[in-house]
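Right, one structure below, let's go through it.
Letters A, B, C and D mark the chains as written, and numbering starts fresh at 1 in each.
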Amino acid sequence: MIELLLQGVLLGGLYTLFALGLSLMFGVMRLTNTAHGDFIILAAFGALWLAALGLNPWLANVAVLPLAWGLGYCVQRYVLNQTLGKDPVPSLVVTFGLSIVIQNALLETFSADPRSIESHGLNTLSWALTDSLSVGVLPILILVIALLATLGLQWIFEKTRLGRAFRAVSDDPEIAELMGLRSKNIYALATAMAFVLIAVAGVLQGLRTTVAPADGPMLLLFAFEAVIMGGMGSFWGTLAGGMLLGVTQQLGFRFDPGWGVWAGHCVFLFLLLLRPQGLFPKTR
Amino acid sequence: MFPGDSNIVLHTRDLKAFYGDAQALFGIDFEIGKGQAIAIIGANGAGKSTFLKALAGLVKVQATAVNWKGQDIGGRLPSEIVRLGLALVPEGRRLFPSLSVQENLMMGSESQRKGPWSLERLFNLFPILQEKRHQPSTSLSGGQQQMVAIGRALMSNPELLLCDELSLGLAPLVIREIYNALPEITAEGMSVVLVEQDVSLAQQMTQRLYCLQEGRVSLQGISSLLSREQISQAYFGQ
Amino acid sequence: MNHILENQFAVKRGHAYTGFLLVLAGLVVSGAASLPLWAESSWMHEFVQIACYFIFALMWNLLAGYGGMVSIGQQAFFGLGAYTMLILGNFWGVNPFVAIAIGGVVAGLVSIPVSRIAFRLQGGYFAIGTWVIAEVFRLSFSNLSLVGGGAGTTLTALRGIDKASRESWTYWIALLCVVASIAIVFVFLRSKRGLALLAIRDNPIAAESQGIAVGSMKLAVYVVAAFGAGLAGALYFVGNLRISPDAAFSVNWTAFAIFMVVIGGMGRIEGPLIGSLVFWLLSKFFSDFGAWYLMGLGALAIFTTTYFKQGLWGYAQQRWGWSLFPTQRRLVFLAGPKT
Amino acid sequence: MSAPLLALEKVSKSYGALQVTQGISLYVNEGETLGILGPNGAGKTTLFNLISGDVSVDQGSVILNGKNITTLAPHQRCRLGIGRSYQIPQPFGGMTVFENLVTAACFGAQETEAQAWQTAVEVLQQTGLEKFANKAAGSLTLLNRKRLELARALATRPCVLLLDEIAGGLAEHEASELVAELQRIKTRGVSMIWIEHVVHALLSVADRLLVINFGQQLAHGLPHQVMQDPEVRRVYMGLEV
């Protein structure tokens, strides 16, 4: 049972990383980015592409991050900013269009077969905790990165001037503009930051297992479930949501490999019925 | 307008404004000198708030309609206008709920305008705010929230402060407490425009007064010289 | 108080040319009905395909364009209708052509409990929440060995009928479904429920305070849309015979529906009609470009919704005031208003 | 004196620390018009939200025809006879004026479509909106939007009409036209609760006045008595007595 819980928490770490970028964009702009999962896959393929260009693999994995920041800033500034507003339709259609474009662009350049990022044995390295229990080093690393990312985001939002601007623009964009903030730039910064998190998640997913152009939507659903179950508006909530999803899926997989993901979805829907505001809703 | 007022800081010429497709202002001519306090009164829906929003850039107007110290600023972004020294205390206060009192005040300094105003000076102007500075702004009473809204605007070191119904929903003695702080605020020559529903308060606190009715100026003059009949005539249009 | 007598005003519901259009439509449908007698079977098969895309898009537009509910999970009901038809046909000996309607009804009924969860979310969250629901359906059927699990199965119930008459029957049923779904949506929108929907779309709070039960109205639209999606699903796999969970519950159904409605013009009945024609033309000429074609569709959807929001028919309606399916009520005073 | 048509008993509502209405009670009898005065931010519009059900009460209850409707949804209250209009007009912008009224009649008054057409035409006549019948509600001027608010509330065939500053911002002739219209409505037995700043318009229609300040009742009684009350003049009018 302990082994199962541990695997669940480790998987939860990965799902948290998937979810943090989405949670950030939800929180600041109330934007639903249906291409979120595809951008994660795009980042993984980005690292593969850079490595293929001859860049040192570890450098390639890191080089993806600044590229993701630039891409995020531009996507928000020049594409998504026009779709913001009360009507959810434009942002849904645009991000859905992006999802189709990314999936097919990757299909065209990398073909459909799954690939993984060269990890020089890191993904097979394991660490014996007790004689009967050993755990992979990479999953531990992912969990640590997830905790650091959650801590970092929470710190940025609570303690820094940029975080204050994020919260102000999220509360009342019109009055934030009155204070001298340029909402359009703040949104672009938020998306840029979210894309760095997306890139980290993409690279780690590529290291951990295989990635294929059509994997995006499934990752979006996991990220979405973690954010909603955790309660919108708090990154610790997203972490809790990710853990819950990871453990639920592990239980499902243990019961029958076919029902793992199914179990995660059902718990999400069940929780939605009981506590729509999520486990840790920010009282606002 | 008034001969000899050479130091006019802001004037509007035939200012028109629209809310969606309904017209709210039908050509307003207004001006205010340095260090002056002017009141704007009028019934609900007369266009008082729309006028302030037009000055602050929250409502788009023609470029030549608003002139600030010789420069046409009509239709500019609010974030640009606040950097020029116009600050608005919005109707209904509209503090940032997820920010603490102090964080709300700090938001006012985002425009990075240099000047006399700082947290310390605000805390001795409104002592209660120092005590509650780390509390969420939603946990304050109406009057205290109004003080935060004023403080937030002052933190941008404006040369012209636009106040939209400071007395909204406040008890009389709280209104008195807030308006007592006005002289200290305008001490260094800051001009103030007060949109105010309480007519007698508006007359007491300002030198000149405009009355709006249905988006037009129905009366203007020296606050102390205007009689109650004139005002109720302009107020209700009969 | 002057009481206006009945005969002093009239309410016009259509345009001058509406009567003419009705006759034209009758001709087109009867002409189409004669297709099996003279056209090749590939034409008929192609029509059935596009008919399913159209019905699904029409219902998605009813939900999003009129009901203000953007769902990326309507494929849940599309697949449910299909599998209901399959199970009835293969295991209970029900004639698949009849099972198509039952598939729609079952999808409609199932949408009622589903709405209790889905309506917990709003806007963008509703969109992805419904997608999760569709995934639960897909995974459930993938794990159901009765219907061949993930690999899927084939509709055996029609083996007895020869290919030609099966195809012409499928074609006629498809034509019937297209006409029926347009009729259902048109009647629904012409009735006072249509007014209620427009009111809710414009201002839900005011609508509620003027006597409209917003909650139950949204449920009514959700059920009608689910019925239509189920109908389209059952029809598609009667034509296709081969069925698998990944095909029946694929998110591409919603993707293509969004594309058709956005290009054609959201919030109008003519939108999905024009959109599906454009989609059919594009797929005829460009579909062999594969991934590039799909990328083109995605990019076109992004461009249209950002810069050409009203869509093709919306533009036509604004410019020339065309309306194939008039739902508006125009008041005409016959004897001149009594002052 | 028979039970009042509509009554509020000790109704309170607060948002966080802001106490908006504190234990307010009021009533209106059949065919009577209750005027409500009070400075901005006194909680008047919130009071209407509590009556119409747009906002739920923290404490207290709302009684219509002796029936407790505190927990009913807004659409149920509307069908029971509460006709709501908004201070800032909320038309169904995408529809025509005529369709706005037909919608209100169909759902508010639970009429068939044919009856609703009849009702809509009658209300168009009463509020002088015939010329705008086929115009999109979103394109009306502010004055006509206010008329549409009144017309739409009337189309739901209410027994109590809630009017929220409907005379605000009107020119003199428009205000007197409106007063004449409200007096005609009154003769048809429709009781009204009218929040208004334009005092002279209010006084010519209201049977009783209630003055609210800072979420509490300040004064209540016959119009001329209330207007003489020094406390009312000081707080509300702000004009030195």
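We take it that a residue touches a chain if its C-beta (ideal position, glycine included) is under 8 Å from a C-beta of that chain, and two chains touch if they have at least 3 such contacts.
This structure is a prediction, so every number in the text was calculated from the model and none was measured.
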> To get from chain A to chain D along touching chains, fewest steps?
Replying inline: 2
> More C-beta contacts across A-B or across A-C?
Replying inline: A-C
> Looking at CA centres, what chain is most distant from chain C?
Replying inline: B
>> What's the distance between the Cα centroids of chain A and chain B, rounded to whole Å?
In response: 44
> Where the CA atoms of chain B average out and where those of chain D average out, how many Å apart are those spots?
Replying inline: 31
> CA centre of chain C versus CA centre of chain D: separation in Å?
Replying inline: 42
>> Give me the residue numbers in chain C that touch at least two other chains, ranges are fine.
In response: none
> When you draw the chains as points and link the ones that touch, which shape shows up: line, ring, star, complete, or other?
Replying inline: ring
>> Which pairs of chains touch each other in this structure?
In response: A-B, A-C, B-D, C-D
>> Which residues of chain A touch chain B once you look at their complex with the stated criterion?
In response: 161, 164-165, 167-168, 170-172, 174-182, 282, 284
>> Residue numbers of chain C touching chain A in their complex, please.
In response: 64, 70, 72, 116-117, 120-121, 123-125, 127-129, 131-133, 135-136, 139-140, 142-143, 251, 255, 258, 262, 266, 291-292, 294-295, 297-299, 301-302, 305-306, 309
> Can you list the chain B residues touching chain D in their complex?
Replying inline: 20-24, 43-46, 138-142, 165, 167-172, 197-201, 213-214, 228, 231-232, 236-238
> Hey, which residues of chain B end up touching chain A in the complex?
Replying inline: 56-58, 77-79, 82-83, 88, 90, 94, 96-99, 103, 106-108, 110-112, 152, 156
> Which residues, counting only chain D, touch chain C once they are in their complex?
Replying inline: 52-54, 73-75, 78-79, 84, 86, 90-96, 98-99, 102-104, 106-110, 113, 116-118, 120-122, 124-126, 130, 133-134, 152-153, 156, 184, 188
